[in-house]
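Below is the structure I would like to discuss, written out as C-alpha cells.
Note that the chains are named A, B and C in the order they appear, and that numbering of residues resets to 1 at the start of each chain.
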Amino acid sequence: MARLSRYREHRFFRPVLLALGLFLAGALFTAGKAAAESMESKALVISADKATLIKEGKEIFARGCSSCHGLNAEGAGAAPSLIGVGSASVDFQVGTGRMPMADMSQQAVRKPPVYDEYETAALAEYVASLAPGPKALTNEEIAWERDGNAASGGTLFRNNCAMCHNLAGQGGALTQGKYAPTLMGVEPRHIYEAMITGPQAMPVFGDKVITPAEKLDIIKWIKEVESEPSLGGATLGRVGPVTEGLLAWTLGLGALIGVAVWLTSKAR
Amino acid sequence: MKARERAAGAVANYLDERTGAAKWMKKTLTKVFPDHWSFMLGEIVLYSFIILLLSGTFLTFWFDPSMREVEYEGSYEPLEGVHMSAAYASTLHISFDVRGGLLMRQIHHWAALIFLAAMVAHLLRVFFTGAFRKPREMNWIIGVGLLTLGIVEGFLGYSLPDDLLSGTGIRIAEAIMQAIPVVGSYLSYFVFGGAFPGELFIPRIYTAHVLLIPGIFLALITAHLMLVWYQKHTQYPGPGRTEKNVVGYPLLPVYMAKAGGFFFIVFGFTAFLGAVAQINPIWVYGPYTPAQIGAGSQPDWYMGWLDGLVRMSPPIETHALGYTISWNILIPGLIIPGILFTLMALYPFIESWMTGDKREHHLLDRPRNNPNRTAIGAMALTFVLVTLINGGNDLLAVHFDLSINQIMWFSRIGVFVLPPIAFVVTKRICLALQRADREMVLHGKEMGRLVMLPHGEFIEVHEPLSPQKAYQLTSHEQLPALAAPETDERGVALPKGIRQRMKARWSRAASEQVAKPTVEELKEIEHH
Amino acid sequence: MSLQPIQDPGLPTHVHRKADTDPKAAKRAEQQVALLFLTSALGTILFIFSYVGIPQDQLIFLPILGTTNAHQLFLGLGLAISLFFIGMGAVHWAKTLMPDHEVVDVRKEQRSKDEDRAAFVATIKEQGATAGLGRRTLIKRTLGLSLGLAGLSPLLMLRDCSAELPGDELAQTNWRAGTRLLTDPGDRPIKPGDLEVGAVAQVLPLLPAGRKRTLNDIAKDALLLIRIRPEEFNLDTERLSWTYQGIIAFSKICSHMGCAVALYEQSTKHLLCPCHQSTFDVTRAAKVIFGPAARPLPQLPISVDSEGYLVASAPFNEAVGPSYWERDSE
C-alpha cells in the first residue's frame, strides 16, 4: 500500500489517471451502446409483426438492393433473381456481410454486416414474402451444442465439406480465382443456412441428403475444431505440409546453418 | 589420479593385445579435418538420420502396422467411435495417450524434413564447389542413391499413419504404378496384395520403412563416410592449402568435440521444433477412405516438386488397339524424374568428358570460377523450384489472391522458359564477379574514401590486398578450351564428328572466363 | 600446375586467442562452458518434472502459440534445452580452450604404385591359373547356370504377394442395373425430390444383403450425384437418357490419379479435383476443361425404381479410376 501511495505523488499520476478513466468510460459506453443496440434490434425483431417487417424490408430493399437485383427482386445481369431464395439466403448473405457486395468483379467476401439484425430480418421477411423458400434460423433454434455429435460430424464433414473447405475448415482454392472461405468464426446459423441455400459456388445440401440432425453434427465438429487448442504447438495455419516444409527449410535448416557458421568460426 | 591412470592403462593394454588397435587408433586420432560451415551440412544429414533411428524406434513400440478395422476408443473426443485402421488408431494412441508420444512423432517428422533439406543443401554444396570431381565420383553416385532412397523412405513414413492425407498419397502412388505400360496393373496388384487399397499395404511398407530401407541406408552411409575418410576431405583454396595437403583440426580433441557437440545441437534443435511447432496433425485429417478428400492435399516438400510436375502436365493419353498409355502420368511421374536423377548421377562423368579434365581434385572451386557448372546448377534448381511452386499452387492462390489456373499456366510456360534464363543470368553474374576479383587484385580494395589531388582531380583511395587475399583470388586454374573437332587429311569430319563437336562446344563454353591477372600485369601495376 | 601470378604466401600466422594468453580469460571461458552444461542439467530436470508433474491434458495459453498442451510443450522444451546445451558447451569448450593450431596433413594420390599394380595383376593371374579358372569351362558354365537359376527362386516366391491377378477386376464395380443409390454416410435411399436444383449428394451403392462394405468397394463405387436444371445439359441423346430429371451421376474417383473429385461449383457447374486441379464440366458429361486428366469422369446411367428411389439403370460402361495398360478407352 505504501508503494502505491508513492506512485500517487508522481507528477504524471493525475494525467495518467484521467486518461485511463476517460478511456475506460469510453470503452464501457461503446460496448454498452453496441450491446444495447443489438438487444434493441433483437427486441424489435421479436416485437414487430410480420406485415411491418415486410413493409420496412421492402423499403430497405428499394434503397440498398434494387439497383442490382431489380425493383421487384427479379434479378438483372450478374445479380440473380431473389424470388424463391427464402429468408435463409438473405440472412446468410446479409448477415455475414457478403451482401451488399463491395464490387461486382470478385466473389462476395465475408465482412462486417452493413445492416443490423432488425434490418436484416426485415429484408429476409420481405424476400420470403415474394415466394416460399428455405427459412432463416436463429442461433437459439439450432441446438448444436446439445444435439450435435462431433465424431459423426467429422465423418460428414470429410465426405461433404473438406474437399473445398480443407480438412480443418481453413478454406481452399476453387477454379479461376474463386475460393471456399474459411469456416472459422462463422455463426452456427450461417453455417446451417449456407448448407440449405448453397450460396455462390457452394452446392445445396438438402435435408434429405444431410438430415437436420446431421447438420448439427457438422456444426458441432466445426466448432470443436475451431476451439481446439493447438495440441502440438504452433499450428502453422493448419494447411498441411506446405507450411511445414517452408519452416523446415527456413527456421530449421537456417538455424542449424547459423550454428554451423558459429561452430567453424575461429574464437578470439 | 595415479590409480585411475593405471586402470585405464590396463584396459588399453588388454584391448590392444587382442586387437592391435593402438597402431590404427594413433593414426586415426590425428586425422585432419578442414573446418568450414558448409562442410557441416552433411553432418546435419547424418545426425538427423540418428535422430530418426532413435525417435522411430520409440514410435514402433506402440505403432500397430495393420489395416484391420477398429473402432476408436482413445482420448481424442472428436473421433470417438469412428471406424478406422489399427495403424491410424495406434498413431492417435501415440499422440494422445503415450506421454511424450506426440513429441516423438513431431521430432521424427521434423527430423525427416530437415534430413532431406540438409541432404539437398549438402548436394548443392558438393555440386557448386566441384567436390564431386575425381576421385570422388563414386561417392557422388552413392549420394544420389541416398537422396533417392531418402525421398522414398520419407514418402513411406508419411504413408504409414493411414490418415486421409497419407492415404491420398498412396492412392496417387498406386495410380503411377498402374500407369506403367504392360505390367502396371500386375505391379500394383503385387504391391497391394490385390486391388487398392487392400489390407496388406501398410504392413508391407512398414517392413520397408523400419528395416529394409534403413538397412540399405546404414550400408550406404557407411560406404559414403569411409570414402570421405579414406580419400580425405576436400578443402577450399587459400594460402597454404594445396592439392597435396589437407589443412584443418585433428580428430582428437577439437573435431570430435565440435562434431559430437553439433550432434547434440541438432538433436536439441529438432526437439525444440517438435515442442513448439505442430507437424502433421493426423487427428484433424481423419482416417483414410477413398471417397474423401481435403482441399490443399499436398505431399511433404521433397515430393512437392513431383506433384507440381504432375499438376502441370498436359492431358495426353494414347488409346490404341484396346490399350491405354497415360503420358500425363508417365512423363511427369516417372520419365522426367528418371532423366533428372540419371543426369545428376552421371554429371561428374559428363563434365570430365566435356572438359577433358581427368586429374584428381582436392581443392574446391569457388562457384564463380566455374561459371558453366554454376549456371547448370542454377538451371536445374530453377526447374525444381518452378515445379515446387506449382505443387503448392492451390495454397498460393488462396493466400495471394491468385487463381490456380494462372499459376498453372505460369508454371507450364515457366518450366521451359525460366531455367535457360537462369543459366544465362547466372553465367553473366559469375563472369561479373570474376571481373570484380580481377579488378580487386590489380587495383586493391575500394575504400569508399575520396581524396583530392593537388591539381584538383578526385580519386578514390584503394587499399592494396593482403598477399593472402590476393593469392586466394588468383590461385584457381583456368582451363583452355579443347582443340577443335578432328578432321582427316582430306578435311572430312571423322565419324565421331557430332560427339566431338558437342564436346568442343561445351569445352568452349566451359572455358569462358575472365582472365585472371598475369604476372606481367601485376608487375606493370607495381611500377606505377 | 601452371605458374601462379601470386606466390602462395603459406598458412597465415597463428593468432592467439585471449584464453591462450590471459589466464583470466581462460578461467572465464571455463566458467561459461560449465554454465552451458549446467543449463543442460536444468533442462533435464524440466523434462523429468514435465513427465511426472504436468498432467497430460493440462492446457496453457502462450502468446504466438495460443492455447497449447503444457505437458507436450514443456516435455519438449526440457529435452531441447538438455540436448542443445550439452552441444553448445562442448563446442564452446572446443573453440575457446582446446588447441586451435591448424594442422597440415599430406595427401597422397589415390592410385597405387605401379609395382603394386603389377604385383596385383600377377597374383590374380597366378591364383587363377592354379585354380584352373581358365581351363575348366564346364565348371564355370554349370556354376553360372546354377547361380542364375538360384536367383530365380526368390523372384518366384514373390508370386503370392497377390493371391489374385487383375483380370478385368479393375473394370468392375458394384453398380448393377437396379442397384439403389445410398447416401454416404447414412446409407439412406434417395428420391429425386430429395435433391434441389444445385444440390449434390455423395453416394454409394446398396450392396447385396450380408456383404460388408470395404475400402476396396468404396475405392471404385464412390459416386457423386448432382442436380441442375435439365435444360442446362449439353449432352447427346444417349447421355441425356442416363440422367434423370436433371440429376446426373459421375464416378467420384478421378480419371487421372484416383483422388475423390468432389469440389462442385454450383455457379459454374464445374467439378475440380483437389489433388491435381483437373476441371470437369458437368453439363458436358464431365468433359475435361483444364488440368492433367485426359478422360471425362465415367457417367453412371440412373433412373428410379418402382418405389420411386434412384437406382442405376446399367453398370458403368467403362472402368472407373486412373488409366492402366489393359484399359479399353476407345
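FYI, a residue touches a chain if its C-beta (ideal position, glycine included) is under 8 Å from a C-beta of that chain, and two chains touch if they have at least 3 such contacts.
Keep in mind that this is a model prediction, so the values were computed, not measured.
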{"item": "Distance-maximising chain from subunit A - centres being C-alpha averages", "value": "B"}
{"item": "Contact-richer chain pair [A-C vs A-B]", "value": "A-B"}
{"item": "Chain closest to the middle [Cα centroid of all protein chains]", "value": "C"}
{"item": "Separation of subunit B from subunit C, taking each centre as the mean of its C-alpha atoms, in whole Å", "value": "18"}
{"item": "Rounded Å distance, subunit A centre to subunit C centre (Cα mean)", "value": "34"}
{"item": "Where subunit A and subunit B are represented by their mean Cα positions, the distance between them in whole Å", "value": "43"}
{"item": "Residue numbers of subunit C (touch at least two other chains)", "value": "65, 69, 72-73, 76, 91, 95, 100, 184, 202, 260, 262-263, 274, 277, 290"}
{"item": "Contacts with 2+ other chains: residues of subunit A", "value": "155, 159, 163-164, 172, 175-176, 178, 180, 230-235, 263"}
{"item": "Residue numbers of subunit B (touch at least two other chains)", "value": "96, 102, 106, 258, 261-262, 265-266, 269, 274-276, 291-297, 393-394, 404-405"}
{"item": "Parts of subunit A lying in touch with subunit C, wherever the complex brings them together", "value": "152, 155-156, 159-160, 163-164, 172, 174-176, 178, 180, 198, 200-206, 208-211, 214, 229-235, 262-263, 266-268"}
{"item": "Parts of subunit B lying in touch with subunit A, wherever the complex brings them together", "value": "35-41, 44, 77-82, 95-96, 102, 106, 109-110, 113-114, 117-118, 121, 164-165, 258, 261-262, 265-266, 269-270, 273-281, 283-286, 291-302, 304, 392-395, 397-398, 401-406"}
{"item": "In the complex with subunit A, residue positions of subunit C that touch it", "value": "15, 17-19, 59, 64-69, 72-73, 76, 91, 95-96, 100, 183-186, 188, 190-191, 193-202, 226, 260, 262-268, 270, 272, 274, 277, 279, 290"}
{"item": "Complex contacts: residues of subunit B adjacent to subunit C", "value": "30-32, 75, 96-97, 99-100, 102-103, 106-107, 135, 168, 171-172, 174-176, 178-186, 188-198, 231-232, 239-240, 242-250, 253-254, 257-258, 260-269, 271-272, 274-276, 288-297, 307, 310-317, 319, 322-326, 328-329, 332, 360, 362, 393-394, 404-405, 408, 441, 467-468, 470-471, 474-475, 477, 516-519, 521-522"}
{"item": "For the subunit C and subunit B complex, residues of the former touching the latter", "value": "1-12, 51, 56-57, 65, 69, 71-77, 79-91, 93-95, 98-100, 102-107, 109-110, 158, 161-166, 169-170, 184, 202, 204, 215-216, 218-220, 222, 252-253, 256-260, 262-263, 274-278, 288, 290-295, 321-330"}
